[in-house]
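Per-chain residue numbering starts at 1, and chain names A, B, C and D are given in the order in which the chains are listed.
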Amino acid sequence: MKKLNIGLIGYGFMGRAHSNAFRRVSNFFDLEYEPVLRAACARSPEKVGAFAKRWGYETQETDWRKLIARKDIDLIDIACPNDMHKEIAIAAAKAGKMILCEKPLAMDGPEGLEMVKAVEKAGVPNMVWYNYRRIPAVTLAKELIEQGKLGRIFHYRAKFLQDWTISKDLPQGGAGLWRLDVKVAGSGVTGDLLAHCIDTALWLNGPMDKVNAMTETFIKERKHVLSGKVEKVGIDDACAFLARFKNGSLATFESTRYARGHKALYTFEINGEHASIFWDLHDLHRLQYFEHRDEGRLRGWRSIHVTDGDHPYMGKWWVPGLQIGYEHSFVHQVADFLDGVAKGKPASPTFRDALETQYVCDAVLKSAKQGKWERVKS
Amino acid sequence: MKKLNIGLIGYGFMGRAHSNAFRRVSNFFDLEYEPVLRAACARSPEKVGAFAKRWGYETQETDWRKLIARKDIDLIDIACPNDMHKEIAIAAAKAGKMILCEKPLAMDGPEGLEMVKAVEKAGVPNMVWYNYRRIPAVTLAKELIEQGKLGRIFHYRAKFLQDWTISKDLPQGGAGLWRLDVKVAGSGVTGDLLAHCIDTALWLNGPMDKVNAMTETFIKERKHVLSGKVEKVGIDDACAFLARFKNGSLATFESTRYARGHKALYTFEINGEHASIFWDLHDLHRLQYFEHRDEGRLRGWRSIHVTDGDHPYMGKWWVPGLQIGYEHSFVHQVADFLDGVAKGKPASPTFRDALETQYVCDAVLKSAKQGKWERVKS
Amino acid sequence: MKKLNIGLIGYGFMGRAHSNAFRRVSNFFDLEYEPVLRAACARSPEKVGAFAKRWGYETQETDWRKLIARKDIDLIDIACPNDMHKEIAIAAAKAGKMILCEKPLAMDGPEGLEMVKAVEKAGVPNMVWYNYRRIPAVTLAKELIEQGKLGRIFHYRAKFLQDWTISKDLPQGGAGLWRLDVKVAGSGVTGDLLAHCIDTALWLNGPMDKVNAMTETFIKERKHVLSGKVEKVGIDDACAFLARFKNGSLATFESTRYARGHKALYTFEINGEHASIFWDLHDLHRLQYFEHRDEGRLRGWRSIHVTDGDHPYMGKWWVPGLQIGYEHSFVHQVADFLDGVAKGKPASPTFRDALETQYVCDAVLKSAKQGKWERVKS
Amino acid sequence: MKKLNIGLIGYGFMGRAHSNAFRRVSNFFDLEYEPVLRAACARSPEKVGAFAKRWGYETQETDWRKLIARKDIDLIDIACPNDMHKEIAIAAAKAGKMILCEKPLAMDGPEGLEMVKAVEKAGVPNMVWYNYRRIPAVTLAKELIEQGKLGRIFHYRAKFLQDWTISKDLPQGGAGLWRLDVKVAGSGVTGDLLAHCIDTALWLNGPMDKVNAMTETFIKERKHVLSGKVEKVGIDDACAFLARFKNGSLATFESTRYARGHKALYTFEINGEHASIFWDLHDLHRLQYFEHRDEGRLRGWRSIHVTDGDHPYMGKWWVPGLQIGYEHSFVHQVADFLDGVAKGKPASPTFRDALETQYVCDAVLKSAKQGKWERVKS
């Protein structure tokens, strides 16, 4: 097995999820490449040291430029906040490193375009961590659509509902809370949550034509952790939009962090001429499927427990009926990426694929601001 | 339309459910006979008067023997407590009346056998109100089994769980509480709730061979409403039994009034070689169906919303997606009975059909008492 | 009990639902007034004759003007297609009749306003059949909101999804299909289905400020039943809109007849500061409720089986655990109307209440046409 | 961190599940001991070699006696078929090794007793892999019971339903199919599946008093993989039993491999005076909870998504709403075991705890054979 040396930047929630994926993939998947945790990188030597020790990184760095400069690093994994993605990615591309980048790709479309140009110019393998594509039930949905089971698509609807920012006392900024700080996050739920919904939608239902959005910031001011002062909240707490896809289907998208009772309820439903599908992150191991061609009196939504050996990825894990969890989607994504490297073909979503999502986000935010339909750049 | 004159005995929960069925059936079903609410009968003139007025009974009686003696009554409907069924039914049969009898048929098998002999000797149409057979989802289950969709049956399991007698302060006896008084009810959950489960099971899965039961009375003494004294509780609060059907399948049955959180949770599940079905009274308009012959990766339990025009009975009601309720099962049963009268063929369950359930109940109670397997009489 | 003589116009789906409600209400509710089915009216003497016979109407008419002119009629119930509502209602008001009108109130807001003026000038009791307010679970939702259980409302979302018009071969116009004929229906899903969603929303969440909609007609031409020719389809097959309520909450609404797998899936969800609720017409006897003030580790969506004696309306029906169905909402609405007549206070929604829904529908259709935000008239 | 050297025997399904747990525990839990994968052992050098390579075992053995003799091994993990448990465990105990043993502990109670005596005599830490205790939702159930939330327990019911042996063509014996070979497995569903149900039940509801069982072997003969001949099937395909616990509660247990539509549906429900709980392996991240002390009209089963930081074990994983899977229960069990080693207190279930489950299994099989109630040894 060939070694592929990883240099990870960031040690938060995503740093953990990616590290876990790198460590586990070879136990379950048969691949030509084996990821090696060569170096972890973050500004604080104490924090990166503790992280490196826990996860078995062989070395550590506090300056990402030095990490990129190291000859023993094959791949740079960007798992730090959004405002750093562009600079790091472009530098890594210039250094000829493979690049994995946490989503959203960039702060906005123009930034994303620069990144795409950089990786394409350098010709390095690249991928963005839109992990939900690799939940087996979601991958199964993709396969059903590609097989034509749904026929013409009439409707797409997606939501991503959370409830963790309802309290007025929650501050913004700093570790764990940078997602509330617009200068670091770029936007609120649009880039954080709707970006996931959009990525899946573009993958399953093709390109979007135009959008019409509204956003809201329910709590207008919050204390900033770094400045210690009460500051205006710049992010969108909630965002909903109407959309038309190029295939003629109509869509609704909605995300909020003010939906009491939902922790991370990402759901999507697709209604086709012959069949419909529904999926829900809170029960991610199930796919709901309605097949109109079933015998009339026996039609009903089927709750498919996606844990059989012939379901996507599931043959690698346990036995039928035993569910896997959230983190496995990252393992699958690493497996597909490594397989792509071995075969010389890109694993999706590449930076270019992810740029399309960025363009939709831009259109959504612009539409919300201007209060009118906005065509999606492409 | 021919008139069929009803004489109802009893004005409680079942008196209301039956009256409602008689009143509504002709609005929805096309039948040769139309039920006419000719007379209501109960001991208290005030109570039966108020009841007759509310439901539109033309006359009233306080002595059931007089009711039976009336020439203008075609059908006697027995909706009073269990200990009165036998005497009334035999008298009505002798008078040549058609008879509908609330379940359970009798206090025990020997009583039931006398009643069967009486109606068969008199040659009068007769039926017992095991209404759950006519819930459309349950009727659909029956049809699927008869079509052979399930193949060989391996397992049957049924439960009827309630929680309304947990309080020690609940008295026994008298109106509304006679179900706790063994002298009037004959038994506790066995005759009241398991009798429903058994009736459905015999109908769907054929005759039972033997049973092995346990019963429990959690609260040993309760004040009696009529005597005013604390008396020993003679009924079974809970009963569970193992069973073997003659078709080789294994079964479990359980009922209790001490299952916190369940109001009237009657469920059954049948596992066959090719398919399984599940039904639940708390969502009575749905049938869960698993079809192993579906394409492998797309197998899942289908939740069939049994509200289409081609589902049993449903073409008579509203439009697809709009559910009916509990009471409609009684309307369907009246419709089938009247249709049977017109065509000269009995509507099930007849007294003889219901006797089989009585025999199972007897075997269950005897097994529980003796602590061993008991063969079911047949 | 005082008699209240009903004259019904129309004999379709709604004619049946209303008749059933009139016939049943006195068996279950204790009211000063008892509805009497005095006359049914429709153009075809055969059809109205058969209908009158089935439902027990004492007389029949073929000209609604004659019906209105009759002295023995107290109340006119309008259950015919939308394009006739205005003319009949205004004539009935002038004749001093009480009026019940099937929803939507009118073809559009200006028509509705004329009707409101007519009934208010005449001072006659009036109500529109937005029946879903009286589903016990929905009424319970209203009570919870009024008690302040939810606190500040952040989000409202509603959908009404059907799938019955997907086939290209389905014609438009004529009996049963007039809902596809824009000249008779006024609009498609907006007036037929979204009107229900809007009525409930205004009732539960207060007035709407502005909307932003899109509509689509998937199948552009259909054969017309009456003309026999292929004609352009003028209705909206699908409609989705964003909305802002005056209380500051954000909303999404969507309706379609092209959502494979859904027969009549009307759902709404409300997210408040302290609690959230969700309801679904396909399981109308349940209310989902999330209470943030529950002990932290034990928080979860509660599935409330709304069948207890202390749940709205349920004390009048059966026993806990036994569900009622769709049609009961009409019974409850009649009960409340009759109670209002006895007490001299209007039962909601009155014509004026229903006019607000009409204004939202107008704004939705205008916004969809113009592709921009539209303020709701009030 | 201290190293704790593992020697694993077996490389099948459980060999993988245990190895995964050993490899992952230190990334997520803060423990004094770190497991080191020192040696894997199995008869076939090729198979154990491939397994060791995949999982990173440093060395390999083909003779378990040699493994036990190695000084560099601290802990023997027994993950081979049931008929080998006793001999290996006793030898390992004599060698002073810590022992983890896959469930069921032994072929029967007497074997299990010998094993208990051996480990207790040797004074070595020991544990049996009844992993379901460490599913967070199950652990939460345990905590609720210990806090007295349920009050007096009336009912316990558990099922473990599968459908993978329905085909007559499935052979018995050999790798992957030894569970169908009574000489290797000891029994069928009783030791394989019901043992899990019983372990959980004894943990949650205390000791059992007596049982009354029936078993069935639906397919009487199957080809044996090793002999190549059709041989009688000695295992129980299905087993159901009634039970009485010492706390006065009644119980039903059932397991089968002939329940079409269920892959690994382990469910349990407990009904107490004040509250009830329900859990289901097919949605293992949820606990259903009914609390009678909730406000009357708002009572309902709560679906608790057990993924919050204050839920058992969950603070170690991701963020609220993101579910973990089956395999994590093994990680938790290793974490608790290692913590116990550090603190010098046993982690449950010890061999002695697991012996109680063995005694129940023995009583169940004996009762089924003799057709009568059987008291559980203790």
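Keep in mind that, in the parts below, a residue touches a chain if its C-beta (ideal position, glycine included) is under 8 Å from a C-beta of that chain, and two chains touch if they have at least 3 such contacts.
Every value quoted in this text rests on a predicted model; they were computed, and no experiment measured them.
The chains touching chain A as well as chain B are C, D.
Look at the CA centroids: the one farthest from the centroid of chain A belongs to B.
Averaged C-alpha coordinates give centres for chain A and chain C that are 42 Å from one another. In terms of their C-alpha centroids, the spacing between chain B and chain C amounts to 36 Å.
Spacing of chain C relative to chain D, judged by their CA centroids, is 55 angstrom.
For chain C, residues touching at least two other chains, in rising order: 262, 299, 301, 305, 308.
Residues 13, 17, 19-20, 23-24, 26-27, 54-56, 162, 164, 262-265, 281-285, 305, 307-308, 317-328 of chain A are the ones touching chain D in the complex. Those residues of chain A that touch chain B in the complex are listed here as 140, 144, 287-289, 291, 294, 296-305, 308, 310-311. The residues of chain C lying in touch with chain A in their complex are 154-155, 157, 161, 163, 166, 212-214, 216, 218, 238, 240-242, 244, 250, 252, 254, 256, 258-262, 271-276, 290, 292, 299, 301, 371-373.
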